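In the two assemblies presented below, chain A is common to both, partnered first by chain B and then by chain C.
After this line comes the complex of A and B, so read on.
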């Protein structure tokens, strides 16, 4: 995926003025921070072979929760804690439904997407919640080295999440569950508990993203996260984390996030309308998702034409894998 | 699945219908309660209104039933509705006769369905991701055509939403014809049997030499065309194309299908159930309108209904699996084998 990102940056820098100016690069990073943080949670979920369609609603709900606590109590810390708690609680609820009640993740999170956003909208009567403290707004504007704190936070979270995935027991359990549920169960992993924890963690990261977005917008509304769903899932897919689960990393997701960030920034510099940007983004994710499978299909076709034998590798792969 | 047993007393017949369509008593109970609760609910005008409102949902849900039956999913249905409506409203078609516009819309639906179907069938990428991406792309394309403006439709095109034939409003007729054809194709044609076979056991269908890719492409293409037909009835009734059209429609459509008893794992389901699912959802929505609650309450309700329906389906399947008498007749593996014999 890295070559594709470099190619994109090279192409866009020829097409536009000022793409690689320092201020614009900082701009790309700060605009990507929210998606980047939410995509960490989505990566964990997809690594278990699941999907979380509710990410945008959870961003909205936790942002609203944090803004509401901040504006009523006046306490920054309480507000952040409230937002994070809301997101993690929703995530745990989703995880419990997936893991304990054995409902397919997409159905749970599709229902969750509308239930959560509906509840949030009703609770706040469709209004934007604010004001939030100015120090909190600064978090998305400025920081060490002229780079906003929100970007630094995203970087730190990526390092922590990558360590958690590759260097802790929990991370290994997540990868095992995603690679093969049956093998994981037989080898003593409590699959339901791991799955539940993954959705709770995803809810927590969505909540962090929601709090950061609230700081960036200087307030929160129920619907503020809903356009982000495709970008979050798309970043994971573009990064090359396997949708079947078990294979992937946060480094890949990070590259996917930057790809979408530069793509969106470049299109804005080119003066593309919102709806045209939707077409291009959708098409890129569509192509990225299909590219692997298409190449495989073409290869299969060419081998099928050369030799008549087809030893049914699927069945063999299932037995050994 | 839509055919009824030819012999037997009324009691057996009733039990058989209830077993096949457990949603029927739910719908009736719902209607009775709402009629008792709200004045003006049990009027002909209101019941007709429910049926008219349920029409686009029913039409799109018939297509979605085929997709889900292959154990796929189509999240792009709302965006397909919008893009088809955008094509309908585009200035290029403004002076065309109505039939030309209908053909253009149908072609748009077919094209969108083919994009989804080809990607799913040829690449093996999960339908969820493919249609999540096209959901965005189609909505963007619709926005490109309409410029994100409200566009009112010419009088000639509204007829399909407001007109009637022999006293029956055209949207209801269209939905009834779609459901009838959808049910017949499902139970009486090779394509219908193949769809069930592919959904119940993909690997076995491949091994048996069924044209699995063609079946998948066909299911998504059908869903695209029916989404376009749904958009015709929807926009004609509204008289205009708005940028928000079809947003959240995927949840309603999928909920209607799952509520109707179609398994999200594919292979099992019925068009009759889907029609009932669409009617139940629309009745609930109308009841909420009567109660004066916010439209967001319907968001919560249909999300909840989807969850309950999926949970209930799981429970029903477990019960069915234990009751041998029921499962032996409907076991999807049998359908697959029967089709194998018929093909080649």
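After this line comes the complex of A and C, so read on.
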């Protein structure tokens, strides 16, 4: 996926003016920060073979929670804590339903999407919550080296999450539950506990994304995260993490996020309309998702023309007839 | 040169997968009305030959001729050339009827696009009769036993009216009666002039059924001889490439302390009221027919199912239905379904090896930092302990290993914790003689070191040869426990089929 990202940037830099200007690159990164952070949690969930459709709603709910605490108490720290707690709690509840009641994640998180979003809207009467402290808004605008703090935060979280995935027992358990849940269970991995923790962690990352988005928008509304769901899942899939679970990494997701970020930015610089952008984005996700299958198909066709030199072993189950 | 009666002629076939040579210049023929056994250890290249003959993969060079014409490529091509394959693991659709499964490859011959169930049933009935099936064409495959499914698999192959059939371990998951039935069908087909290539690890089947044995080793044919010129020992050493020690290693004497004590164990379904003890250093065999509840007992003891009755390890009662508690008490469980439950096929071999004892190479705590060096040390040590042969190293995917080596990984991962009770469910099913002997030796060594072993096997010789005592299951109950001196093939079968002891 990294070569594809580099190719995209090279092509776009020839087609547009100013794609590689420092201000524009910072712009791409800061616009990607929220999706990037939420995609960390989504990657963990997808690695276990699950899916979290409630990302956008949790972003809204935790953003609203943090903005509400900030505006009523005037305390930045309490506000952030409130937002993170709300997200992690919702995630843990979703995780408990998936892990203990063994309901399929798609159904649980689809329900979560509606219920969480509806409750948040109800609580705030559909209004935007604010104001938030100026220092908090600065978080998404400026930071060391002219790069916003939110971007630095995302980078640090990616490094930490990748290390947690590859270098800790918890990360290994997440991968193993996704790779083959029966092997994991028989080998003594507490599958339910691992699954629950993954959804709670995903809720926490959605909450961090919600708080960062609140800072960027200088306030929070229930629906502010809703459009982000598809970008979050799209970035994970583009990165090449398997929806079947057990295979993938955060580095891949990071590249997927940047790919979407540069693509969208480049298309805006080219003056493409929204619907044009949708078509192009969809085409790229399609390509990424079917890359393996396409490569296999092309190889098979070329060998069919050249003769029997590189045959394709097929599943034994297709053998008899 | 193809003789006029040859139905299958494999001619100089070579095939490499990603640089690793699987078969190299293999040639042999199978004549009409002849059973040729293809023998060899796992990884010798038998599966590759089977897949090439069956049309699933194309050779890099050489070819396969059927009758007189070179086979068209691909599965559909081999069907028209009159070759069918009966697979080891059945490839049936559980939610379709027997008739639909049997005639699946021939639905295109139906006029129009509509499949008529009644016509299918009528067409399938004579084929089922031919394989001696005791069930009708309207039965759902889901409701059939493993043995019955194998009969459906054979019926499916016969539906094409093939002139040649490749059997790949057709009896691996069958009980004695079902195995007998399959062998009779093979003999009958041979009598009808069908050419048969028969792949099996069971020596009795090779010697009973085949007229000729083709032995493969390291991708080459090392022997192609009439069966009557061979004896078992010669054949085994041809397969392994060295002399094998005959028989089982001598059993060490068990200790007097009880390690495992099972009382009134049940799972609320298939098994009930099962009670037995295993001493430290004792190998306890569990025999019985397919479906008699052996696997269920093993799973219930380990805590994977059932909460009825008590299980004690070294005098301490275990929390039931809790795998973690069982492992902490020193149990290890080697599943009969190694590909589905034993190891990760699509993750590095090393991860499957270290997963049971990850605590020893990671810090305590929820996240638990892993020590990469210590993990490499652990996995290397475990790999050596079970004589793992991983050509691609421990970083390669589990699925790249041969069956025998996959099984070594499944056993090896438990050795990290030096278990006090090892439960093995069909540990040598579908495994070559070399790996099998190594696993047997490993079990005896573990018993000598004081571990208890609960051994489930459908192979009578394995249970009788390795066990201090044999428990026999019948219909979900423990029908009796036989001492080594009493346990014979006859006494075990009598108990297993519901007779008195």
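Here is the rule we use: the second predicted complex is superposed on the first by the 293 of 321 C-alpha atoms of A that agree within 3 Å, B and C clash if a C-alpha of one lies under 4 Å from a C-alpha of the other, contacts with A are read in each partner's own complex, and residues count from 1 in each chain.
Here, contacts are C-beta pairs under 8 Å (C-beta built on N, C-alpha and C of every residue); 3 or more make two chains touch, one makes a residue touch a chain.
Quantities reported herein were computed from a predicted structural model and do not represent experimental measurements.
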| item | value |
| --- | --- |
| Touched partner set for A:111, first chain B, second chain C, both or neither | first |
| Chain A residues touched - chain C or chain B, whichever exceeds | B |
| Touched partner set for A:169, first chain B, second chain C, both or neither | second |
| Touched partner set for A:6, first chain B, second chain C, both or neither | neither |
| Touched partner set for A:273, first chain B, second chain C, both or neither | first |
| Chain B versus chain C as contact partner of A:15, first or second or both or neither | neither |
| First (chain B), second (chain C), both or neither touched by A:159 | neither |
| Which superposed partner A:247 touches (first chain B, second chain C, both, neither) | second |
| Contacts of A:77 with chain B and chain C, given as first, second, both or neither | neither |
| Shared chain A surface residues [contacts with chain B and with chain C] | 312, 314 |
| Residue ranges of chain A touching chain B (in the complex, touch as defined) | 51, 53, 97, 101-104, 106-108, 110-115, 117-119, 121-122, 229-230, 233-234, 237, 243, 273-283, 285-286, 289-290, 292-294, 296-297, 312, 314-315 |
| Chain A contact footprint on chain B (complex, rising order) | 73, 75, 119, 122-126, 128-130, 132-144, 148, 203, 207, 248, 250-251, 254, 258, 264-265, 294, 296-300, 302-304, 306-307, 310-311, 314 |
| Complex contacts: residues of chain A adjacent to chain C | 164, 167-170, 172, 175-176, 179-180, 182-190, 197, 246-247, 308-309, 311-314, 316-321 |
| Parts of chain C lying in touch with chain A, wherever the complex brings them together | 17, 51, 54-60, 73, 75-76, 79, 84-87, 89, 91, 104-106, 153, 156-157, 160, 304, 323-324, 327, 333, 335, 337, 340-347, 351-352, 355-356, 358-359, 362, 366-370, 372, 413 |
